[in-house]
Each structure stands twice: as structure tokens, then as C-alpha cells.
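Next come two complexes built around subunit A: one with subunit B, the other with subunit C.
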Partner chain A sequence: MNNALGDEQRDALQELMNISMGQAANSLARLIEAKITLSIPKISSVTPSEFVAMLSSEGMWHTRQSFLGSVKGEVVSLQSRLGCEAIAELMEYQLPLSDTTREELLLELSNILAGACLSGFAEQLALTAKLSMPTVFDPEKLSPDHYRWANTLSMEVEFKIESSQFDSKIVICLEEDSISTLLNRLNSLLE
Partner chain B sequence: MPIPVTIADDSMMSRKAVRRALPADWDIEITEATNGKEALAAVEAGKAEVLFLDLTMPELDGFGVLRYLHEHHAKTIVIVISADIQPEAKKLVDSLGAFRFLHKPLNAEQLSQVLFDVGLI
Partner chain C sequence: MTTQSVLENLTAKLPLGVCVLNDQMEVLYWNDFFADRLNISSDDVKGQNLLTLFPNEAKYLKKKINSVFVLNNASFSYWEHRPHVFLFSSSRPITGEETLMYQNIEFLPLDVTDNKVKTVCMIVQDVTELASYYQGQKELSEQLSQEHNALQELNRKLEEAQNQLLQADKMAAIGQLAAGVAHEINNPIGFINSNLQSLEDYAVKLLKLVNFYEKVVHKTQNKTFIALQKDMQERMKYQFIREDMPELVAESIDGINRVSEIVKSLKAFSHVDSSEWQYADIVEGIESTLKIANNELKYNVEIHREYQQQLPKLFCQPMQLNQVFLNLIVNGAQAIVDKGHIYITVSATDNDYQVAIKDTGCGISKSAMNKIFEPFYTTKPVGQGTGLGLSLSYSIVQKHKGNLVVTSEPNVGTTFTVILPILTPEQLLPEASAPA
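Then we have the complex of A and B:
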């Protein structure tokens, strides 16, 4: 089975993501009442060891949520700690954030971002994927073999909010069957 | 004589989507640009009486292209086609003189309506 991502497929995925991130940014912009500048999403395939390395990046908060449907997998989101503070400030939360408030904010942000990423695939490729509720986790407390994903797609998006920067990385882990399903749909879109 | 039209978008899929959405019987000559600089070069070369413009692009983004055209009082008819659907983006695009702002994914009927509104078809 060839699950490699070709240039055309990458371009198509990037554009689907661009469209869904536009929708996510719009929801986020309404939430924080600020204009958000979107970057071009970066799409890449990630090996299991790269994935573990990615999770150990410093200065980020991590959340995860699984999804089920005609494609199955898990979405892991990484959000910069500084960026979260900046958003909290814009939303007039009291700083420094309490652990409970921060968790609430993180879960809300990851729901918006992961939800948009996934709906980008699902709606535009006529696939179904239902997201579960996100949870915050600490990658240091999980053993590497916890991640059984052999194939993951990483979609990096970066939002700039006024003067502050909010970096966010959304990693979509797909089961092998789901990757083939996704690639087949992409290919038919490109015909 | 065919109307010179430029489609500026960094995504090949999106350029294809615009091509597909254009009325089949519209007599045009299409140039493709993959970033803002190429879009401006197409305008300078007289290849863009109508410019379909994406906003999020490398090198020079769509806002940069609009700003340049606005400052140089260019006659190009710009139709922005973007995934950035924030009201602020629309306001900025309007203030820079774009003729219309269409959201991605592009709707062919909407596009035809816009071309009709501007008197192109």
C-alpha cells in the first residue's frame, strides 16, 4: 500500500486546511474580538519517532481528542503557553490564570481548532468523523509506545493576533485504513 | 478579442477550482500566478483586466497586491476569493477597492452572478 503524500495531494490537503482554518479563525476572532492573521498551513507526514520528538517541544500545552467515523484517529493539539496567555488577556480573564481556567480555555481553543481541521477533511471530502471531548495531557507522563500510530499527518497553523503570536500545531493521527480512504478521496478530487 | 484574466492563488487546486467555475462560453485568456509578485507582474504585462485574487499567499499576499493596485490607481477589476472570512478582512479588502469578496470553497453560481454584476458576461 502506498500511503505517501504526493505534491498534488499535499497541495490539495493544504488548501482544504486553509479553508477550514479560515472558518476557525473567524470563530476565534469573534470570541476574542480581534483580527487574526492566518499563515499558510504546513502539511507533512510524520514518523513515530518524529511524532514523539514533536510532543516534547517546550513551551506548549497539549490536548488530545479521538474521532470516529469513516476515518478514525486522534487529533493532538499543541498550543503555545505564551499565546494562550495572550488570548486569555484579550478575553479579559484574570491573570495569572488558575489551573482550572487555563484548562477550560485550552479545551475551548483545541475544540475550535481541531474541530475546524477535521471538518476541513470531512465535509470537503465527504467523509464523516465525529470528535470526542478533548482532554489536556502531559506528554512526559505517557510512555512513547502509548502512541501506536504508524502514520500521522501534521498540519501546522500559526495565528497572529494583533501584536501577539499564537502558535498552534494540530497533529492528526490516522489509522492506516483511514489514510488510504483519505488519499482515495483526495485523488478523486484532483481528477 | 479575449479578455485577459489572471488567477492568483498559491494552491493549484484552488486555481483549478476557479477555472472550473468560470462560465464555459466566456471569451478569455487565462494567466496563472502563484503568489502576489507574479500577480502584479501579470497586471503590469496587461494580462489582468480581471484578477481573481487569493489573500493568503507567499512572497506578497493578496492585501499587498490590493494595496499596490490601489496606490497606483490600476484599472484592474479585482475579485477576491479567500478562505479568510473574518469581517475585518472584508472591510480591509473593500477599503482597498476590490470589486467583490467571495468565500472559499468557491460557488460557481455566485461567481457568475459577480461577473454579471460587473458587466463582464
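Then we have the complex of A and C:
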């Protein structure tokens, strides 16, 4: 089984991601009635230590949620601590945020973004994936030495809300077995 | 059984709350979980608005459910954030401590046509058990960490106390050693002293004798004898010896007197636990204390004395009071960083004695001020302070029914004032008879 991603496949995947991310941004924009900008999706194969390094960024909150279906994996979100209050206001939370309401906000936001990204992506490739409840986690406690996988396919995109300094990154990570499922779908699309 | 009835039977028995809503927030179906708790059957509730059924949480429910309709994406509610969206009573009414059910809720898009959500399914999960377990764990871990901190603090204190005890032990050992050495030195000092006295006497006599011989030789008018005598005196440097010898002897006597003074003071101080009550001269005590402390003082401290004339004798434990003065003077000297002054003022009224010891040292910080009389409290580096000096002084002064007052200003200096009431033996020692 070859899990390597060719250039052609990468381009196709990027294009697909671009469309689904656009939908995600659209969803969020409709909900909070604010303009949102998107980065170009970044698609890469990462090792456990690269994965942990990718998440260890200062000043961010982290959430994760798993998905199950014809493809399996986890969605990790990074959300900037800066600008949290502004987005809380847009989403009609009571200010100032307590620890509890801030966590609630983070989980709701990441769920919206992850749900939109994943469903757009799965729909276009005719795959199914159902998300579970997101939870907050601390990347400091991750230890790459204990991972049972060697490579994951990560699809990363960044959302920025123009009116505030809020910044959010959604990373969809596919399980090793699911990568070949994805590649098969991509190949049949490309043929 | 038809599939429909199997499903109906199943949802009725699910340990989850299931409720289906249309986009008007009207209930289309709910299972027994809701029906049993609210006493409204699924048939009766059909068409009723969820928000009017639960007015208290209407705002939150509306927001959550709306987002599912708009985004076609599941939404979640957590017990950590919203423990009791539906005010259902606890699933453990008898044994549980909780009164309300803790819930996780999922809001799922159910019927979706053309990417448009027609109905939303709400699934309520009873997580009371889990929540109370987590809360118990959290409390436990908080308690543990508190206890851990307390233990660490205790450990630190113990270590400190142990260090200080070791230090105190060391000091006591040094004191004993000093007493022993002082005793041993006393004997040779005794005979050196008396020998020196005799030597002084002999030297005077010898010089007189030589003088006499000189005169006798001159009287003979014998040039040979006179020349011989002159030659011999020059060879022996007699002129110099004659002048130097009395000085040498006098200096030695002065030196040995100083040595015996120091030994005497050392002996007195090694008997600090001797607590004899007697009438004593306070100034004398201070002077002998200064001699002891001289080593600490001579390089960087200038002592200024101001003693009132004709001070009365005080009935006290002189050795103990000397210990107090020593502590205060040495503390003052140690507070002086480079060079400084210590002013010692002794005065008395009809009622009490006042001994003020003022230094130009670093002062005592406000935070340290209320701890300085605590046993084992010290700000000095290891080896310099036992943390016992001031507490000991305080208790000694208390025994004299007196008071130890401190005023201090950081970087300016500190003044310790010992106030001792002038009392009769009967007033100080009511249970014991006056000393002989």
C-alpha cells in the first residue's frame, strides 16, 4: 500500500479543501455576521514529533474531536487567546468571560469550524465522517514517543476574523488506514 | 413486530432523552425519558413549543438549535458548562448527594434535504454519576495538593530548625571549650604575672647595682678600669638596655593584665546559665561586654558611650543581662555593612533603668519586625546567627519584669532599648527570701 501523496493528488486535495474551507468560513460568517478571511490549505504528511511541534504554539487554546465513518481521525483546533472577547461578543456570550464560558465558547467555535471543514471535505469525496463532542486539551501533555502511528496526513487551514485579532487554525488529521481510502477516492476522481 | 414498533420500543427504553423538533421549535416526538420526568406523553406534547415548555433555558436552547438549523452541523452542550439545562431531578434520589441531574446534550441535524435541515434531534445523556465522580476527584486532588504544599512548607521549616539547632549546639560546644581553655590559661597567667612583678622589682635593683658599680669605678680614678668599664658597657649596649628593660617589663605586665582580663570575661560569659541574683553595676557589665565583643567591633565600629553619673546599683542577674547587652551590641555591629557607629546610652530615673543601644546599620524591614523575637528567626547567613539571640534576650528582660523595645528604619539604623524597673529583691523574687 502506498500512502505517499503525489503532486497531482496533493493539488486535487488542496482544491477540494479550498472549497470545503470556503463553506466553513461561510458558515461561521453567517453565524457571527462578521467577515472572515482564509489561508490557503496546507496539506502535508507529518511524523509524531512534527505533529507535536506543530501544536506547541504560545498564546493558543487547543481543542480536539474525533471523527468516525469511512475515514477516521481527529480534528485539532488552535484558537488565539487574543481577540477571544471580541468573538464572544459576536456570538452573544456574556462578557467578561469566566473560565467556564470561555471554554464553552472555544468548544462551540471549534465544533462549528471542524464540522464545516470535515463535512465539506467528506461530501466532495463521497466519504462519511461523524464528529464526536470536542474537548479542550493541553498539548504540553502530548508525548510523541507513545504514538502508535508513524505518519498522518494533516490538512491545515487558518481562519481570521477581520474585525478582531482572533485567529483560528483547524487541522484535520487522518488515521494511517484512512489515508489509502482517501487516496483511492482521489485517484478515481482524477481518472 | 414491525420495524417501526421495534424502533419505538427501543427509543422508549433508551437510557437517553430523545426529542425531535421542527424548525418552529415544536416538539414532534420525545421518548419516555422526557415523558416520564415531565408527565407529558409523547402524544400530548406533539406540536408544543420547546421554548415555552422550558422558558428558563429558552435563550440557550434557541441559540443551540438554531445553529444546527443554520449550519447543518451538530452542536453540543457539556455538563461542565451547563450542568442542568433541563431541571430533571437527580438519577440518584436516595443515595446521591446531588439534587439535579447533570447532562450532556447533543443537537443533531436529523432530516436533511438539499442541505437544508428539516428536523433536529436532541439527545440528553444523564452523566450525574460521571460528574460527581469528576467533582470528587477534583476536590480530592485539590485537597492533596494543599496537603502537599503544607507538607513541603513543614519540611522546609524542619530543615531550617535543624540547621539552627545544629548551629546552637555548635555555639554551646564552643562556649564550653572556651570556658575550659580559659580555665587552663588562668594558671600559667597567674605565675607569669607574679614572675613579671618580681622581675620588675629585680630589674630596678639590678640597674641600681650597676649604677653603684659605675660610680665606684669612677671614684678609683683608674684610667684602665674606667676604659675597661666603658668598653664593656658599649659592647653590651648597656645604655640601651638600661632604658629599654623597664619599658619591656612594664609592657609585659600590662599585656598579661589584659590577657587575664579577657580570660576573666570569657569565664564569666561561659557561665551565662549562672543566674545568680545580686546587686550589680550595669555600666561595669556593659564595659566587660564590650571587651568580649571587641573582636567583632574593633575594625568597623566606633563605640560612643554616654553614661549618666552616679547610677544606682540594680538588683538583677548580671551575667544574664550581660548576655542581653552582648547580643544587642553584636547584632548592631553585624547590621553595619561597612563602617558605622554604635551609641550606648545608660540612664536611670527613680523607677527604672534605660539602656539604649543604637546602631547605624541596615535596619529591620517591616516584614521582619514582628518576627525578630521569634526563636530561630534569623536573617543572617548560615554560621552567623542562631536566631536565638533576641528571643533569649527578650526572655531574660522579661524575667527582670522589664521591656525590650525596638525602633528601626531601614538603611538608617536600629535602636534597642532595654527598660529595667528598679525593684527590690522581694518584688522580683516574691517566693524566695532576699539573698544574703
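In this text, the second predicted complex is superposed on the first by the 167 of 191 C-alpha atoms of A that agree within 3 Å, B and C clash if a C-alpha of one lies under 4 Å from a C-alpha of the other, contacts with A are read in each partner's own complex, and residues count from 1 in each chain.
Going forward, a contact is a pair of C-beta atoms (placed from the backbone, for glycine too) under 8 Å apart; a residue touches a chain by one contact, two chains touch by 3 or more.
Being a predicted model, the structure only gives us computed values, none of them experimental.
Participant: Record, for the superposition on subunit A, whether partners subunit B and subunit C clash or fit.
Facilitator: Partners fit side by side after overlay.
Participant: Output check: A:C117 vs subunit B and subunit C. Expected answer is one of first, second, both, neither. What do you get?
Facilitator: neither
Participant: How many degrees, to the nearest 10, separate the directions from subunit A's C-alpha centre towards those of subunit B and subunit C?
Facilitator: Given the fit on chain A C-alpha atoms, the answer is 140 degrees.
Participant: So in the superposed three-chain picture, is A:A129 touching just subunit B, just subunit C, both, or none of them (first/second/both/neither)?
Facilitator: Once the two structures are laid over each other on A, A:A129 reaches no partner at all.
Participant: Taking the superposition on A as described, I'd like to know which of subunit B and subunit C A:V157 touches: first, second, both or neither.
Facilitator: neither
Participant: Have a look at where A:L107 lands relative to subunit B and subunit C in the superposition and call it first, second, both or neither.
Facilitator: After superposing on A, A:L107 lies in contact with subunit C but is clear of subunit B.
Participant: Once both complexes sit on top of each other, what is the least C-alpha distance from subunit B to subunit C, rounded to whole angstrom?
Facilitator: After superposing on chain A, subunit B and subunit C come no closer than 13 Å at C-alpha.
Participant: Quick check on my understanding: which residues of subunit A belong to both its subunit B contact set and its subunit C contact set?
Facilitator: No residue sits in both footprints.
Participant: Help me check something: in the complex, which residues belonging to subunit A touch subunit C?
Facilitator: Contacts found on subunit A: 27, 30-31, 92, 100-101, 103-104, 107-108, 111-112, 115-116, 119, 131, 133-134.
Participant: What residues on subunit B touch subunit A, complex-wise?
Facilitator: It comes out as residues 10-14, 56-58, 82-86, 88-89, 103-105.
Participant: So in the complex, which bits of subunit A are touching subunit B?
Facilitator: 8, 11-12, 14-15, 18-23, 25-26, 29, 35-36, 38-40, 124, 189-190
Participant: Considering the complex alone, what residue numbers of subunit C touch subunit A?
Facilitator: Where subunit C meets subunit A, its residues are 63, 67, 70-76, 78, 80-82, 104, 106.
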